[in-house]
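As structure tokens, here come the structures.
Two complexes, one shared chain (subunit A), two partners (subunit B, subunit C).
Presenting the complex of A and B:
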């Protein structure tokens, strides 16, 4: 995108203090979240994320993005401080078409693109599919959709503030051709939960 | 699930010191990120082999380079690492890998399954049941279960894509027709989450039932073949079988000569030059715990 516009570096917030240890710690939380769908992980990253970017969402992206990954930003973030911040710290490639992205950062639930329009991978290469990082107001295990599938012991419910029945329908459609599908991290300001494509949502 | 909250007895866990000449956990950060992204996709698609850019490691292929790269991408300063080779902590491969991580990460190491948060293993699953906070990393020589039946990788990839596993059932059937039973005793193929046929690495089939609904996260790394795959916790893992030839694990008429265990995987060990031999637990930590009396039979 605005590759030729000079960037004032003093306006860019701090990333990880210790690249090796901080990215490891964030990755471990993301791995816990992905292997135990619906479990809410407390994530307090010491990064100065720009206004609008939840520290938890920012930390996950700083830990996983680099020049080998393509990132799509939802309209609220595209072209602004968030894109400069992530570009500066990770060197990721920004794409304008969500269907081409490896990672999809969504500022809020109202900007969530249609999941089936994202990269779902192929039957032979299902891992070539999008990972969505969705910013949400709140995550809760005290009410919400019952979850089932690998990684879930017994009964578990997850409520993602702002998502309705329409999301459940979309989720089912996106995962209908398993192993094709998308995986999702939901990040509130200080916590993280994941829904891999194997997780079924009852509504 | 903070590893620091775990009870760790001071005797069983040895703290390490890190050599600052290496990046933390040896690999560069970009490599670790690439492996981490592969691991996350592997967890999301249980049993599917994700290709990754396997790096040259300071030891040859076949010595656990895949497992080491997965461990290096996962390990953090709070981890307590255990490394086993055929169940034992004191064999050359296990000792070397443990020293490698002590030197490059400074993490604490242990021989006790209960104290470990991260276990790298070659060819065994510990007898002591794993817990929720643990991650076990398997070293895998040949990740493709269909390779001996279909050598063309593009063809086996297609078979996985279509869940077309008839060939493996025919192979097992031919075993039964020829020998009267399925003649595979290790690396016995499993179905993960009712979808992917997976090689469990050359663990004895005795260990296969432990993979089913295991509370720990199971990660697999194949360095030469450049594949990573995973079984999330509490995931269905079934050993292939037929209704009239159900899956069964090895049984021994002997029990362990050292600790008396009748429920563990036994190695036959030659003890002198006159043909004397005993049966002993392959899992050295389990055997010692029993001899020390901390596990009631």
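Presenting the complex of A and C:
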């Protein structure tokens, strides 16, 4: 149980203007991103996300979180305005241990925890795994890793600014656990791309 | 779960929130009409949910769940940055909005004296008259029980001895 934590409401930004319609629209975009891995979706939700939180990442979390989901925030966000903002608007549960979280919000690529240390789900319930929302500087389809797997027709490349070979190694390690694994949303300021656990990075 | 950081005197805000939450809607409308309209931003649009009410018989003993009540809540921010919150019983979104607006305006020094007179004083008078009427109604059916004091000594003591 969370105790009473006084918060200063004047520091909290606006959430979705129309809770039902806006969160459905963002959910639809997130679903499109997951079902067509590597496709970059433009996402402009009219939310006042706190400093440091990309509007696209904020919108996805506002659409997906509720009081039954556990959220882990990377050190740059923990305990700050981002945590109060998400707690106020979604009522989500914050956890200190990334391994317990359903959603993992990572402020920048340098704070990405080891993927295999996150919740990978179980063999019976692989969907109970963590979903990572990673904030990145830029997403581009013009260069980068060739992607293959379900939902990708022909050739597709995705470049996530800041991720290196180390990430590819980790991604493959997590994929070796299939059907367990993690799914990842990469969000830049106004766009969103997804890497579900079935997508292979050919780097 | 959330409290706003109080910039007003301690207890002051609790006092008016308690009054506003019990105010009838026409009284809120009339009171808010006495101050100029303020542009506002929704932090949380009015939403209706259930709240479990707990009770405790006689103020002691274990808590038990009395039942659920319908509660509507919202939070808004005035253009000056002052925030108001409302948790009111019932499903009326407009009433929750008015309560939140009144809460925000009461935190602004410029409007507090006006609203104290046009809103809070009237709500207080209304609630007092309600409770007085309730007391009168209860008084009319009151039954006073009393126990006759037993005289000291006497036949009871003798009966116990035999």
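One rule holds in what follows: the second predicted complex is superposed on the first by the 198 of 203 C-alpha atoms of A that agree within 3 Å, B and C clash if a C-alpha of one lies under 4 Å from a C-alpha of the other, contacts with A are read in each partner's own complex, and residues count from 1 in each chain.
Quick note on the criterion: contacts are C-beta pairs under 8 Å (C-beta built on N, C-alpha and C of every residue); 3 or more make two chains touch, one makes a residue touch a chain.
Treat the numbers as computed from the prediction; the structure is a model and nothing was measured.
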Partner chain(s) touched by A:131 [first = subunit B, second = subunit C, both, neither]: first
Superposition-derived comparison: subunit B or subunit C, residues of subunit A touched: B
Contacts of A:152 with subunit B and subunit C, given as first, second, both or neither: first
Which of subunit B and subunit C A:19 touches, first, second, both or neither: both
Partner chain(s) touched by A:69 [first = subunit B, second = subunit C, both, neither]: first
Subunit B versus subunit C as contact partner of A:35, first or second or both or neither: first
Which superposed partner A:27 touches (first subunit B, second subunit C, both, neither): first
Residues on subunit A lying within both footprints (that of subunit B and that of subunit C): 19
Complex contacts: residues of subunit C adjacent to subunit A: 1-5, 41-45, 47, 75, 77, 81-83, 85
For the subunit A and subunit B complex, residues of the former touching the latter: 19-21, 23-25, 27-28, 30-32, 34-36, 63-66, 68-69, 122-124, 126-127, 129, 131, 150-153, 178-179, 181, 183, 196-198
Partner subunit A, residues of subunit B touching it in the complex: 1, 23-25, 29-30, 32-34, 36-46, 48, 50, 73-77, 157-158, 160-162, 193, 195-196, 215, 217, 230-236
Complex contacts: residues of subunit A adjacent to subunit C: 2, 4-10, 12-15, 17, 19, 88-89, 91
